[in-house]
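Heads up, there are several structures right after this.
In the two complexes below, chain A is the common chain; its partner is chain B in one and chain C in the other.
Here is the complex of A and B:
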């Protein structure tokens, strides 16, 4: 490689790193990376808020548990009621919330990268809509239990995503066509759901509607395992693809010129993000807004240009665990489905962000 | 606002002849659909009786069906379809986004939230939904537009889309919350949210008619200005277009049209999204032709869908919102696949 093509080296006087970033070089430049102090601080703050919310979820409720008793209760020591509430009810619920939130945050970030659209979400390829329709069919037509509903949701989601992808295929899949076909298919499925809801008995229809809002009420260790195993398998795949996705946000031609294999990146990212969404929906129902808002909120908090996978995951997890706490306590003893709270809180927060961001801006 | 902007494409001779002819043809199709809508149903009524019912009402059962059921829903169907088609075309021109539709301004969610609150607070039902739906739609749209045009800049396309999503999500959350707490509200809202023309009487139409007419007139005045806006803000401004004024007027027209449509038929998605695309394929990007076409095609789609919904099931009726999705979506997908989508 000729000297002129070598990456710029920092000189004692010049700046070779972007503003607000520190270049970290280890082992004589064998490992070098850019660290943005702001991003690190934001991530740490998110973790802190998430852990606080977790602690409150576990200790506060109609049955109060002191924080000191929690570690023992997790291991099975202490008062029987303490152990029951911590081990059997509150901890799995909070862990499910964190896992589902992280999964939705990552998936949303990937979909927004792929569609190059701030409004991109698992909805655009019809996944959420298909999953909801599958679940509503199982609830209203077959009348089966929760496991069958989860399976129905996953089957419906994957089937719909595959149909949308195939319908959008024509000399390759363009993001734009994928979005349009996804909207069309989702609209059809939405009307199927509306039809089923109007023809069912009120209580069944209400059950299906609550499932569609998304809820974490009475989730146990099986759900924790399902969502965390999916995260452990799929999140690394997407993190590995993260760099290529960042290039693809620049446009297909530019990315191709930079050596990114577009087709395979697209397929792998779509598959992994869909599977992650599927796991989240199977566990908690299609909780709205987290996948849409987490990447946008993360971007505004960290003030980075593109989408960040880790930031989105942490934002999603924190958002959901806080929202679930509100869903539990706001109208106690009535437990709201968490989807209600993510919509109201997350939406209001996004409005506030936009409001302050646009205050003095010339477009 | 009566701005003479250059047309975007020099119309070819065929297009100059085809566009008026096509519009007449479309009006003819609409007339056929309207006739079908009055005659077809659970009880088919011959055309002669329809005429008799309108001209010389004798109080018979058939005449009663025509006057109190079939004619109102046909009239409402035509106007709702036209309003949605126009509003969709305006939204796509305003946001320069081919995926924009009236729902993006928060219209449907605003209407739904207001209807839910009306049922929850006052136990409202039936045609009492009209005013809450209209007010809710208008308030939501104003909120979205105000948020989008915050600061010194005017509302850019991306801002409107983001602001619309944020507001719609909050309203959706409120709807969900009330539904969960109260079965009765859910029972009402699940029938309203499908979108239907059944059981509307002409009172509903007369309540919203002033807004519809105002919206249509405003829209047809906006055509030339929107052609200028399509060239981009900077170029349009140098041509003398007053961008903030045009944007505000367009948003106002959308609110009037969609508020009236949603108030009379409930939320009907998708018509506002696909009709402008279909119209653009016929007319090209010239808004002065696109807008009338969008109105007529929207009316055709909604009336035809309503007729199909009455005959497709043996003993019951499918709501028009379901049919428009089922007829419109495959058509839309076929359009998307068949050629390069006309860019805005």
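Here is the complex of A and C:
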């Protein structure tokens, strides 16, 4: 076949390489990749900002710790209070923020890619609402502790995702249908929650309300382990599917025509992204807007047409660790739940996105 | 299952029932695409042309019967293997926001790539050739969003060409194009067929274009194939009236001598 397509005249070399990308070929072409310097630079910058925010979170507060004392404190050496704040409070909190942010960023990116819709995040398609309802049920009806609440959230989220998926399915899943059905199911679950809250004891209702905003307060190493182990298991699955997901954005028929197995990709990606969202919500509650905003910010920063899973993960992680810092310090000594801050940041972002897109259409 | 039903046809199906869930579109359909042909499918709106093309490209699994590709049931091949033999340009494709032209054309290399081989020198050369063949090389660095309909259609065709498949299925490649761009696109297809040895299957709306370019014409009505063969032999005024419900006269195309369909002027009769 390559002979029949021989070019009639030599084409200038490099013309065919997509703009903003470099061809990297190693070991006599056994490895060949397209590298986008802008994406690499954006990712490095995000890591840098994230690490800075981590350092500030660990050192700054009512009890200040010098940066030099941190490495020792992590290992358990140095002043007792230093060790207590670094090991016991601030480091696990920041690591939880990074893990939860990365999980929500990747999962949001996968959901948006599958639904081909910027609104197709777990917040909108009902997953978050299902998780919140599961958790509220456990808090109010069983009155159980944090682990049970987490399990209730995961069960509620997965169940709701499955219901929404089945209701939206007709010759495969159409993105807008997923969003519409998700909004409907979320609204119904919201009224169930409201009803439960009106029937509950005041302290229980307050606990449930606080859980539903999402928070990183007093998260310890158990939470760090939960979210990072979930990431270690599920993120590689999703990264391996990332290439196929980018092809599925061309439309089902086109993707299938190119040899992408779309059904299995859809199912695996949906399962892994749902599990990752479940883990994030179980650990920190339903922190809003990270899953919605991180993938959109990432794709505008990297200027790649389409999904960027690594970029979304790093954006989500950085967004959440920065938002948590704001939540801690903005009104210090009062601590805000981080969900309030992400809702403000994410909400402004969403409005800006819609505003510029509508203007773009009219222009 | 391994003997091809028709000799001289790499792509064929017999006894096909094509349906969307409960809704049956075609029944007992037999179709075979002659090798090295420029096959054109025509028929009224919603008669099942796209459905047939989807079945031939295994994007729709027949409810009954099998499509064979190179003597084997098409569904029994690994997905990428089919995509190395048969390219599909669907009626609607989605260009992700902000994607570049070269980026989109390069997507056509997917069936030839793997985890470690994502952009070989061959990939690059083939993409350059495909852009050259469709005349979009000068657009390589533009965004697909900002192209005209005709340019965009050529970019999609370039993507399918980059797949390097001997068989190409094109669903309405000329829709939304003005007459000049329609002829450009059809000439391009004719070149691919005559000079580069592609077997082409295209759904077209314009009967005169179909008659002029097709080496093999398939006429469909309500899910069934009602006539097929050389357009000069197949196309009659009776057939067109039966299929489209439109009284016509057929005269030789003054340019090519192929059948040309001229609707009968009914205005006098109506008054």
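As a convention for this text, the second predicted complex is superposed on the first by the 310 of 363 C-alpha atoms of A that agree within 3 Å, B and C clash if a C-alpha of one lies under 4 Å from a C-alpha of the other, contacts with A are read in each partner's own complex, and residues count from 1 in each chain.
As a working rule, contacts are C-beta pairs under 8 Å (C-beta built on N, C-alpha and C of every residue); 3 or more make two chains touch, one makes a residue touch a chain.
Remember, predicted model here, so these are calculated numbers, not experimental data.
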item	value
First (chain B), second (chain C), both or neither touched by A:337	first
First (chain B), second (chain C), both or neither touched by A:313	neither
A:188 touches, of chain B and chain C: first, second, both or neither?	first
Touched partner set for A:251, first chain B, second chain C, both or neither	second
Contacts of A:259 with chain B and chain C, given as first, second, both or neither	second
First (chain B), second (chain C), both or neither touched by A:198	first
First (chain B), second (chain C), both or neither touched by A:206	first
Partner chain(s) touched by A:106 [first = chain B, second = chain C, both, neither]	neither
Footprint overlap on chain A, where chain B in one structure and chain C in the other make contact	170
Residues of chain C that touch chain A when the two form their complex	20-21, 54, 57-59, 78-84, 86-90, 92-100, 102-103, 105-108, 110-111, 116-133, 137, 140-141, 143-144, 160-161, 163-166, 196-197
Chain A - residues contacting chain B, complex	118-119, 167-168, 170, 176-177, 179-181, 183-185, 187-188, 190-192, 194-195, 197-198, 202-203, 205-206, 209-210, 213, 288-289, 292-293, 296, 331, 334, 336-337, 339-344, 346-348, 350-351, 354-355, 358-363
Chain B - residues contacting chain A, complex	99, 147, 150-154, 156, 158-159, 161-163, 165-170, 172-174, 176-177, 179-181, 183, 186-187, 190-191, 193-194, 269-270, 273, 318-319, 321-322, 325-326, 328-330, 332-333, 336-337, 341
Interfacial residue positions of chain A with respect to chain C in the complex	1-2, 4-9, 11, 14-21, 23-25, 29-34, 116, 170-171, 246-247, 249-254, 256-261, 299, 303-306
